[in-house]
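Take this structure, written in structure tokens, and hold onto it; I'll ask about it next.
Labels A, B, C and D are assigned to the chains in the order they are written; within every chain, residues are numbered from 1.
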């Protein structure tokens, strides 16, 4: 074992151990606020792990979505929860200490420990030579229209999954709106600082989003990461107290939200009517079409994520 | 036109059309009702055309993106999926018609896109042959189901929806962990490819157990049923109909698929254990249904019981038992939806669904009570209903394979079912005091419930045709009936 | 589809379709409802007559539909089914007339007549069922369609009676189902055939299993046939309106049970095979016990309809008794009693209904002198009661004669004692009523009721009991004429026992 | 890379830790966190094993699947949080009744 390998092994072990500790700490933290911060730290550490296992695309997605957006969503929810739940104690009520509760917890813990041990043994028992689909992807990459394998899988080989996934995102927003949405976020006192920050950051974010989108065809990046960054820009604006003009929150907003899924579905419908396989790209135009789809998807993902954060209900009446 | 009909892939239409419908309903909320009705009809045309094609030309696979497994995703259209899709289409149409009258304007615009999403995701799920794609479809289905449950807006509904969401997520994650192990053990997520590669190794059984637990959670198999009664009882009636009639069947369908396609051999300890859980579900669901004070809760517990029946097919392990289970899925889909729709009419009319006060309502809604009772015939498994055919096949399988105790369970279940159905129906005939103030129920809502109920009963009379259809492309595993 | 296929279906449809239409009729459209009811009943009668003629000329009426890949739904007309079909269609017509008169001005008549028609459809289906699964279908349909009739009045007592009825019949149905499914796993066919389908098959060598199945089937059928101890629902079901009780006791429910027992013993197991299995003798014992027990119980009922109910329990078991004694003569007695008991009992129930409807008399103790007010009704009642006791030449005498001689022929002399004891008991619970009605001085509140009409009650209530009483007389007097029930029973027995 | 299965083991651990928290803690926010931790665990298992072959590019298919999974997770988390707030608004607490049955 050479030195580099040893160092990396130690690094990985520390990362792994850190992940477990952070997760446990985040979940067991008596204060929810601290729990959320620890969870964000956990997500950041996850992205380190992703880099270590050669998954830079995932690392980018994890930073933008797992750590950034999820963290923001959690914190926003916590601050809103504060409004409806006056006493801090009831919210962070210490867990029950009765005999029954303790027995129940220790039983659960031992059962899950057994499951964990079993899983560990199974993972160690997995065949070391299973090849997965790496070779197939590599073989078909030229025909996919893009040179980044992950993008090829996401938009072409398994583009159907991605279509459904875009719809999950839209459905979540529909769900939030169907709950009646939430009242507007109270503008934070630090608004001026945020405002200045936002004015500097927004262009940077937009630029990075565009870069990620463009890079996605041949390098780590793509619609989801780009969309997430775009969404982050929206979140930042919202935090800084920016309001979207009412006339853009009706039909315009809806059109932005459905742009990605609609284009995807229009493509699907075209292939159906043309008697082709569902979502079959014409080989020579695959690259262009994927870029088009990605642009639309990025817009929709960004808008949807931002709208999920704002979580205000749709303004139907003004919108129509 | 005919050339178009021949080349169009109707299976893909079943996914794409409702999705487009959902998005259109979202973009133009004012026209949502018409768009949804149009979509429902389009789906019906698609399923009819698909049925004709499959009956004539047999089962087929559809390589999405023209890549084919293992690289791409494949859709599989065979008798099993066809039967599930058809049931979804029939129940879906009834729910669509019903909902056009049920929801008030403000809720209505939120309901339609969610409902079409649910319908599309169910279709996607029934068509998929890819276990990761099934995960995405499961998430879509679960999320749509939860959002629809929460639509009722009451404290009960929101709490139930939250619990349902957590269970649903837990279920899909557990399933996904199983998928991860399968992928790494056998290098594919396509069922047909896996069928050729899977061996009976510890890794496979661990992966399958994980997938099984995840799916059993979503199917509400005893003892994972705790989330179902509050959710199904507090959701809006047409949503309850979809949840009990279709959504829980989706996860069971995946289970059936996995069992048929990739699980290498039967292990009787495991299957007997499933049978015991099923029997426990029958008894527990039956007892709780008898104790229920509210109509929708009673119907929800009845669902738990009927889910128990399905799991008896595992230990019975002969083809006839699987045919019976699938027949039960179908007839239960129709009958249970009819029951929930009928209960919805009562709730709509009276503002409550307390069983002991039903007599005052029954007089005003004889058709809805009739729908409940007729659907009850199928739930009880009396001839000539679809439920009877299912019970017949399963009891026959039990006696033929010498496992009479499962036959006893089935019969016991029927007795429970009779007891709780008549607990409700009895009130239809009692003399009531002056009825409450009540709201008139639109005729379409009453007819939708009755039509489904009658369909559930008449389904028993076309059994040879359905039984032949359900095995197109794949004979059910297990010994044939000697 | 030719005539021989269509006719059984038409006979079903003649009550099914009017029934379904009636459900959707508004309460107020009395004329349409009455017209539909009578049209259905008369049509059915005519169709049955056509079919009877056809069967005599050797036409094979059969309608078939595939239910499961290896099972058909079969409707078929053989001599036995024709006997039951004729009985039900004749009595349905009379009961319909009676019910129209009886329910004048009461609520929910559309619902009532709808279920009434479905109930007859189910009975006719039971009669024409050509195999066990078809039988099961209509048998369960009968359960479901009679329940609404029993609880029709909507009182608490009615609800409880309905619940009790369901407990017995649904449980019975479940046992029957298990028995039938079990048989289907052992035999290739479930079709009724003279001599049964068991003898000579491979599965016939499993007597233990077959005995268990026999017990399941008889228990399932015995609920409706009210074999003791499965009879508990019947006296409670008396809360139903009189025409329902009449139909239940004479044609529909109890008779379906008894008819099923005949089918199982003769056309499923085959009488010889069943006798060799050793299952007939226990059945005889149960029937005998039922006859005696129920007769004793009837003695102590003051409620007229309850007394009649216990009498039914007792009399229906004559059928079981007759067919389970292995021997052609007794069998003739059992089968002919299907018709005779129906005629006698329906006459009695019509009369009881008249007393209740016209004079509000429900108790035996209020009947003193009532014959002076309602001579025609009580005349019919007296004929029915004498028939039950077995006074020659009425219907009951014929049955009892064949049963008695059959018992001697089958070398079971003790059964004659049972019959005698039963007749004495019959007399003991019927004669006091007859005596009180004709010879005692009137007393009771009913005397205050004004006699406003020319007739003692509405003609629609009077005609059916008179007609049935006449039939009771006629089938007894004309027992040896061709086409009499007795001759049919002989014909049926011939096919079962062979020439 | 000898260290690769390590993260799969960590993933299994995360799954179990998350599941424990999901079962034991009553507060909905904590449950939502727990679900996210479980998700991360599953993704780790899915990705890590894709990288076992030495000297070859990692299998991109699991990576694409994980990105799909991460997006699904954020979407459901967002919805779950709003649902939690609505439950809290209606019932006064962000918890589910009779926790022990869960």
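The rule is short, and it goes like this: a residue touches a chain if its C-beta (ideal position, glycine included) is under 8 Å from a C-beta of that chain, and two chains touch if they have at least 3 such contacts.
Just so you know, these numbers come straight off a predicted model, no measurement behind them.
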item	value
Most centrally placed chain, judged by C-alpha centres	B
More contacts between chains, A-B or B-D	A-B
Chain centre separation in whole Å, for subunit C relative to subunit A (CA means)	73
Centroid spacing, where centroids are CA-atom means, of subunit C and subunit D in whole angstrom	68
Distance from subunit D to subunit B - Cα centre to Cα centre, in angstrom	27
Subunit A and subunit B: spacing of chain centres that average the CA atoms, whole Å	31
Multi-chain contact residues (two or more partners), subunit D	15, 19, 45, 49-50, 62, 65, 68, 72, 75-76, 79, 83-84, 86
Multi-chain contact residues (two or more partners), subunit A	119, 123, 126, 130-133, 137, 157-158, 161, 165, 168, 171-172, 175, 179-180
Pairwise chain contacts under the document criterion	A-B, A-D, B-C, B-D
Of subunit A, residues touching subunit D in the complex	1, 5, 8-9, 12-13, 16, 19-20, 23-24, 26-28, 32, 35-36, 39, 42-43, 46, 49-50, 52-55, 57-58, 61-62, 65-66, 69-70, 73-74, 76-78, 80-81, 84-85, 90-93, 95, 104-105, 108-109, 112-113, 115-116, 119-120, 123-124, 126, 128-134, 137-138, 149-150, 152-154, 157-158, 161-162, 165, 168-169, 171-173, 175-176, 179-182, 222, 224, 301, 305, 308-309, 311
Complex interface listing, subunit B residues touching subunit D	132, 136, 139, 143, 146-147, 150, 154-155, 158-159, 161-163, 165-166, 169-170, 173, 176-177, 179-181, 183-184, 226
Subunit A-touching residues of subunit D, taken from the complex the two chains share	1-10, 12-21, 23-27, 29-30, 32-34, 36-37, 40, 43-45, 47-53, 56-68, 70-79, 81-86, 88-89, 92-94, 100
Interfacial residue positions of subunit A with respect to subunit B in the complex	118-119, 122-123, 125-127, 130-133, 136-137, 140, 156-161, 164-165, 167-168, 170-172, 174-175, 177-180, 251, 254-255, 257-258, 261-262, 265, 268-269, 271-273, 275-281, 316, 320
Subunit C partner contacts - residues on subunit B that touch it in the complex	366, 377, 380, 382-384, 389, 391-393, 395-396, 399-400, 407, 411, 414-415, 418, 422, 426, 429-431, 460-461, 463-464, 467-468
